[in-house]
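This report refers to the structure that appears directly beneath it.
Chain lettering (A, B, C and D) follows the sequence in which the chains are written, and residue indices restart at 1 in each chain.
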């Protein structure tokens, strides 16, 4: 089912999310706490921005489990970034291959997904037929996630060269509308779970959604403050004060500090704007 | 550009092709002799039949180079089979991933390709739109090869449950016709090179073809006799005598023994029937 | 902590152990039932004999988890052997690398280990200094297991070219004696757990041992009968009748059929002779 | 035989060495120009310093070929560092495993080797017996290179916590003396080739050496100037002017610009001091 994390704010070393918290992403790769199937051992990926060098993110993915990856252990404390995504995968749709690892990358954008569309093969072909040639050819792997992002990216293209967090939210909504229509048309009755995060180095949007209003979506939390710090093995979000701000979106709580984590409301999006202010929007 | 080998005949240990000849498949992975770009280091694959256990072949692929693969070195002398394909890859279209490794497998069939369709992305989408749902969803990777085999498999399906080497040749022809039409329609002017092999455990077909009649296709040879033997570092095809027969198709000569290797004529198919008799057919 | 399986008897397809039982080796790789830490996702290995081709075994190891390995899924139903070892690893001592994957191989022998020697680095150097040059250079990896097998192999060398299951048991005993002396000398006070299996294609020995007589060793069971069969998703050992015999040693029960699995007594070895008769010996 | 590169100077993006020059490290991995065997496809490694975050370097190694590595392609343009080592491997001694990939790392130091000691197994055991316990246990892999660096590191330890480029050169000399003595004692008559580089984030030393004074060592060049720039596919060292300085050591020339590359004299070391001044010392 996967676990994910997205971050926007003060530059921070990646091991503060990956290794240091009591329920770090690495711990979640072995034994996630808020999942029925706790193992996320089918590869992983991290993407991050280095704005002084490039608008495009760096991406490091691997088909190995995150917990024993020597390169990740070396890189995590050395990568300092103000905008990043991390993902550990439990393969549902699609082989364990680099092409199926999250985050997916298009231009200056990164996206990751936790959840899944049951019987995705029923709608794969009609979904692909809706794509622009550019996004059709952009898809490299087999996952439902990458195909849904292709729909999303086609919607975003209509917004023009520059866009806001609200535009991104519009496009998640459009992607959801397409998905619901496809599922109805092709007779998929199972619920589809879509927890997704988007970053482009300057803004961030998270989605917590399930197609069936009667059930609970997968867990998704956010945390906001001035910065996330780890000292003596204790990690916490320092309350905002002054102009420094940082926002994090996580599949599950990184620590047992209750006040650090607030659930994103069911079937809502969280929008983090360029000025790091936070808004919410209901999926319609 | 890849190198390939297919075999049908007396059961033989796989290292007789992979490691022992002076110009073995492993040597070809490092330094192919009949290629401009001699390196084939972007993964490899072998597929073979164990008819006492299953009609379906075993397949072992890897994204590592063949020359330093510990598992292949262990397996090759222990795998004894009367029908197999081996392939070393130089990636042109498609990432280096297991999904892009040859041989490709469908039911009891294996196929491998050496060559390529330049600007394949121009025809990828229309080609896919021609596929049956089954073959559309069967495609897992990004290569021109796998997509062409999907066309081929759709043609073969029309032949029914059982088919002959002639039926297989018909379907290669149909696949070629489709490709030529697509290339014309979508304005691909570069020559496409299609050296392909097919085995199903009981028959084998090889294709040596280039879309432009004015140029030479890539090299493809066959060798026939009673069995292929390696002694004291010397490998050769023992002339046929009695009822034992074996036929091999190779991208390039495994040895400098001239009489062991005959070129397959330009734009021809070689058909190896269940009784191991050999025929040829011109691509029309 | 790893999980292992060794088998000697009627030729059998490897997926009967790896995939088919309700608690197959693959299931144990994800969620072992008789381990505190249920995950064994740090690589795997299988070794098996093909006596018609070679006295030396084939070995296939991987640093990927067993549960999502495409090659293993292809190979397991096609590998039919009368003598084999399978192992899924949870790395304790040593990186995740092919050199640290079990089974370890020397000449016609295979060995695997489940357990560990805490603080192994304290005795690594003195242990290595005890080895013959041949076994010193044979060690390729970093595990306690491989080093202990090197001690074992040096003991076995003194038995001459041919040896019996009793000779193998003698050498396990000698290895244990060396280990206990090293641990005492270099002040390791933690208990060392040694569940080990040895096969050479014709005989098999299993060891269930912990250095501290006051504690329970790790679980180790055996099963004997005429052959192990899986039908309609149900696997069981068919009771011996006539001359066909098969014996299996497993870290944990493959099924809930109680009568199929008997514990190997604490601090004992199980000896399976060439005629497939079974004996036990207490570790002294 | 491997290819290597070390750099100290103005911060620079790693793709300026790995991808951009006409004879980049990636090109050298496929087809090195100054090697008899041009292929360096048995893994690679890069190490670099991020002094604002840590004194210890980041290291990224892989057992895949460098030329098709997706992660390296993503990372290289984003890693900007003033001190780094890159290495592409052609395996001679030691399997293709992460433990055998260069650069080797100890504390804040990185080292890489191009060359080899023939018949290294003859001296492996006596060499290891000379090591301190710390360096004995530091060795994780099987290469001659890592063992020689362990000797070197033991020598360096005697220099104390802080050391100069001259101290480093002393220790290379001591390592060479040990090696020559071992080779004589254990009867290795083949020439050993040692081209090595050392960086610690603040200083850099390169060694170009062969044990036989009558033969030529492997190629090793240096380049110095203010900074290395690539524009429109042309890379060159900008001559020093003012206080900016950069020095590079390479196995072979990255470009055909003759004045950018000067050979390091036979059996000499190049010493690059903290102030980026350059000196040479003859191996005695």
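Keep this in mind: contacts are C-beta pairs under 8 Å (C-beta built on N, C-alpha and C of every residue); 3 or more make two chains touch, one makes a residue touch a chain.
Chain-to-protein mapping (UniProt): A, B, C, D = Class II glutamine amidotransferase.
Predicted model, so just to flag it, every value in this text is computed and none were measured.
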| item | value |
| --- | --- |
| Labels of chains that are neighbours to subunit B and to subunit D | A, C |
| Winner on C-beta contact pairs when A-B is weighed against A-D | A-D |
| Type of subunit B:subunit C copy interface by residue overlap (half), same or different | same |
| Mean-CA-position distance for subunit D and subunit A (Å) | 39 |
| Residue list for subunit C, restricted to those that touch at least two other chains | 70, 95, 98 |
| Complex contacts: residues of subunit C adjacent to subunit B | 13, 50, 52-54, 58-62, 70-71, 74-75, 77-78, 80, 98 |
| Contact footprint of subunit B on subunit D as seen in their complex | 30-31, 39, 41-42, 63-65, 67-68, 70, 91, 95-96 |
| Residue ranges of subunit A touching subunit B (in the complex, touch as defined) | 95, 97-99, 121, 124-125, 128-129, 133, 136-137, 140, 142 |
